[in-house]
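A, B, C and D are the chain letters, set down in written order, and residue numbers restart from 1 in every chain.
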């Protein structure tokens, strides 16, 4: 019995509809979406770049950055799920397989 | 009634256990995880960099790249969900809020 | 006789003075600068993400993007040279060595 | 009189010859080079991701990482200079202009 670890189905459907309603499908090649994902990760990283590790724990609590970090995390998630979706990759299955590999590569203490 | 778009709960729990079993919690500051996310996105992008947009559609089908792209997508997802989790950000709620903002910014045709 | 391929000395000095005049040295750890470099590359990539390869050739000519792409290229260069500088890496020597390795890995046709 | 801050001419010429000798010009669209730059920055960031800020200062001295970080810095520089070159952007002039803007935005203390 496989357990679902990350259920992306509802979001994939919402993103399909969002793109279709704006005629964006022609822009959403995997190559372009990989670039867009990069751009959003860059914006996320900028929140952390001048903060110490200790300060970084507070980024989602501090009123100055809380909303910003939520939005950038969401943007990364949107492009990641969209990219997997247009590629036809089952992200949940990919994650489960990768965790098995990771557990072999890094055995528990 | 809010609909869940991306259910991350089972994965967050699995990642907590994975990190704890390896004493990795001390490495998993938000700052470090944001960097790790960047690194994984870099590896994902490398798959696409010399391929045309048209070729990029085939990346998950071609035997040469199918497994590689699945693994890199998984790695990005793992660090994204882990980062949101240690920050205490509800990624699903963040996504729903962001889609509302996006729909306002880019009205349907 | 070694030929200089990328002369960074004047820029390294200018960046030292710039940082010192603003008391930024305490922020400019290699880790933080690597993140800042990422952020700037993300901004650069955003210019290209929805453009086709063919359109991408015109980015520095089009009035809409010419100044933007110049600024983002400059930002990436600034952080790259700063990062090498604080690490004490001779970027020119590193480049010369890497070109030798690349020529061995990819022999000319 | 303008002072050159980053002299890229010799490297641009070397990269032109390198690409031509391998028939790589057809791959080196600005869009593709921006992606390649991202990939290399990702590899550079991976060196720093689990190291503390304090440890990051030692990355170019430690035998474990010294050669690796030199190579990744070089790779980033190669793609950055190549990208500016194919776009026809004078990186040195762009840098000088950007430093003027930065000095206005962040006045010295």
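As a working rule, a contact is a pair of C-beta atoms (placed from the backbone, for glycine too) under 8 Å apart; a residue touches a chain by one contact, two chains touch by 3 or more.
Please read these numbers as outputs of a predicted model, since none were measured by experiment.
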Option in B-C, B-D or A-B whose residue-number contact pairs overlap A-D by over half: B-C
Pair sharing more residue contacts (C-beta pairs) when A-C is set against B-C: A-C
Where subunit C and subunit D are represented by their mean Cα positions, the distance between them in whole Å: 3
Interchain centroid distance [CA atoms averaged], subunit B/subunit C, Å: 27
Residue numbers of subunit A (touch at least two other chains): 31-32, 34-35, 38, 41-42, 45, 48, 52-53
Subunit B residues touching subunit A - in the complex, by the definition given at the top: 3-8, 10-11, 14, 18, 21-23, 29-32, 34-35, 37-38, 41-42, 44-45, 47-48, 51-54, 56-57, 59-61, 69-71, 73-78, 80-81, 83-84, 86-89, 91, 94-95, 97-99, 101-103, 106, 108-109
Residues of subunit D that touch subunit B when the two form their complex: 27, 32, 35-36, 38-43, 45-46, 48-50
Complex interface listing, subunit D residues touching subunit A: 31, 34-35, 38, 52-53
